[in-house]
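In the two complexes below, subunit A is the common chain; its partner is subunit B in one and subunit C in the other.
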Partner chain A sequence: MAFSDEQLERYSRHIILKEIGVRGQKKLLNAKVLIIGAGGLGAPAAMYLAAAGVGTIGIADADEVDLSNLQRQIIHATDDVGKPKVESAKETMNKMNPDVTVKTYHEFVSSENILDLIKDYDFIIDGTDNFPAKFLINDACVMAKKPFSHAGIIRFKGQLMTYVPGEGPCYRCVFKNPPPKDAVPTCKQAGVIGAMGGVIGSLQAMEAIKYITGVGELLTGSLLTFDAIKMNFHKVKLPKADCNCAVCGTHPTITKLIDYEQAECDGI
Partner chain B sequence: MKITVSGEVKEVKDELTIAELIELENVETPQYVSVSVNDEFAKSEDFKTQKLHEGDIVEFLYFMGGGQ
Partner chain C sequence: MADYKIDDTVDITNVNCPITFVKAKVALEELEEGEVLKIHMNGGEPAKNVPRSMKEEGHEILDLLENADGTYDLIVRKVGE
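Here is the complex of A and B:
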């Protein structure tokens, strides 16, 4: 595949980087990334990946754009209220970069569809807002041997970690089971500063780009936390993958995907 | 004794348990926090009995569910 003059110009700031170059940019154009959740995290992640020229971007979300989303979900605009988020996200990405093929999945992820959704993708971004979905994405990615970026945001805090099969702990090694419903505050109950989605979602896009191009160190075996009040990033070294982990351990007890029942944090 | 908690060095009493540290640090939703001591997960059933030692590195790992 040869670059057109327009592509050489569009991606010139990537191509000039010795770590990326023409080779890395080609890898990005050939890569497929699935973003689950077109919200606070998914919006900036999708936009940076589209701008970067990730050739195929899948986006899954069952919700429609609500006015209360617009404080942070920057891929959607005021005119988009009422429209499926995946459609609004697709329109924005198409406008940003015609090199990108956007695939939309206007549905909730569940144990029924997730393995089918992730199977064609190289990297998955968890931009969901609830623990059942976060555990489902982890378990499905462990079972299907897919790398993914986990993240969470609330109030003035955010965190993320990256799972790569065989290279470190999974989300369930750290957090064994979802907390009971309403035990841990949600964004709707507790609030979230809009720019936090931008910080953490952009870091998720960064992890995807680094994974695809093979540049640098990923957050495998680490959890990066960000406290905007103290303006402090803290990288927590995680214990090694837990060989007793229920899903990624040597003798997994979870061999079928689980649809945990729990109220959602409120995507809307 | 001195221990490192979430990256900050703190002076605490000798033989402090993990449960006491959780209380001292005002951890939100303490029943759902994961704790690592020197890069090993502590078991939640041991929080009340597991004592910390000089130089230990303690990290609290919190559930964070938001994203939309």
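Here is the complex of A and C:
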């Protein structure tokens, strides 16, 4: 595949980078990334991946755009209120970069459909806002041997980690089980600073780009936390993959996907 | 006269920085390690920046020839795959 003059110009700042170059940009154009959740995290992640020229971007979300989303979900605009989020997200990405094929999945991700959703993708971004979805994505990615970026945001805090099969702990190695329903407030109850989605979602896009191009070190085996009040980033080294982990351990006890009960939330 | 055989040529006189370097990089990508690329470029900024950028990428600069019309030919040997 040869670049058109327009592509050379569009991706010039990538191609100039020694670590990316022509080869890295071609990898991006051939890559397929699935973003689950077109909300506070998924919006910036989707936009940076579209701008970067990731050739196929899937986006899954069952919700419609709500006025209260717009404070942080920057892929949607005021005129999009009421539209399916995946449609609004697709329109924004198509406008940003015609090189990108956007596939939309206007549905809740569940144990029934997740394996089918992720199977054609190289990397998955967890942009969801609830523990049941986070554990489901983790377990499905472990079973299907897919790398993914986990992230969560609330109030002035955010965190992320990356799972790559065989290269470190999974989300369940670290967090074991979802907290009891309603034990942890959702963003709807607790609030979240809008720019937090920008910080953490952009870091998820960065992890996807680095995984695709093979550049540098990923957050495998590490949890990166961000506290915006104190303006502190902490990279916490995690214990090695737990051989007794219920899903990625040597004798997994979770062999079928679980739909945990959801707490009420309007989406991050 | 340096001892080299030119395997390919790219003309970057019709573009501006940084597309100059981008086009040269793309042309170099097509070559095998050890092959030689002639980069035809304008004087001034390209003649100053492109050789430096090529060196930073680890390639070997064989020659920088000034032509009568004020353009330059940069001769680069590809290092690394």
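Basically, the second predicted complex is superposed on the first by the 265 of 268 C-alpha atoms of A that agree within 3 Å, B and C clash if a C-alpha of one lies under 4 Å from a C-alpha of the other, contacts with A are read in each partner's own complex, and residues count from 1 in each chain.
In this text, a contact is a pair of C-beta atoms (placed from the backbone, for glycine too) under 8 Å apart; a residue touches a chain by one contact, two chains touch by 3 or more.
Model, not experiment: these values are computed from the prediction.
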item: Contacts of A:Glu19 with subunit B and subunit C, given as first, second, both or neither; value: neither
item: First (subunit B), second (subunit C), both or neither touched by A:Phe175; value: first
item: First, second, both or neither for A:Leu8, with subunit B first and subunit C second; value: second
item: Residues of subunit A touched, compared between subunit B and subunit C (which is higher); value: B
item: Touched partner set for A:Ile154, first subunit B, second subunit C, both or neither; value: first
item: Which of subunit B and subunit C A:Cys187 touches, first, second, both or neither; value: first
item: Set of subunit A residues, in rising order, touched by both subunit B and subunit C; value: none
item: Sites on subunit A touched by subunit B in the complex; value: 37, 39-42, 63, 69, 73, 126-131, 134, 151-154, 157-159, 173-175, 179, 183-184, 186-187, 190, 192, 197, 223, 234, 236-240, 242, 265-268
item: Subunit C-touching residues of subunit A, taken from the complex the two chains share; value: 3, 8-9, 12-13, 15-16, 18, 21-23
item: Subunit A-touching residues of subunit C, taken from the complex the two chains share; value: 18-19, 21-23, 25-26, 29, 53, 56-57
item: Interfacial residue positions of subunit B with respect to subunit A in the complex; value: 6-7, 29, 31-32, 34, 36, 39-41, 59, 61-68
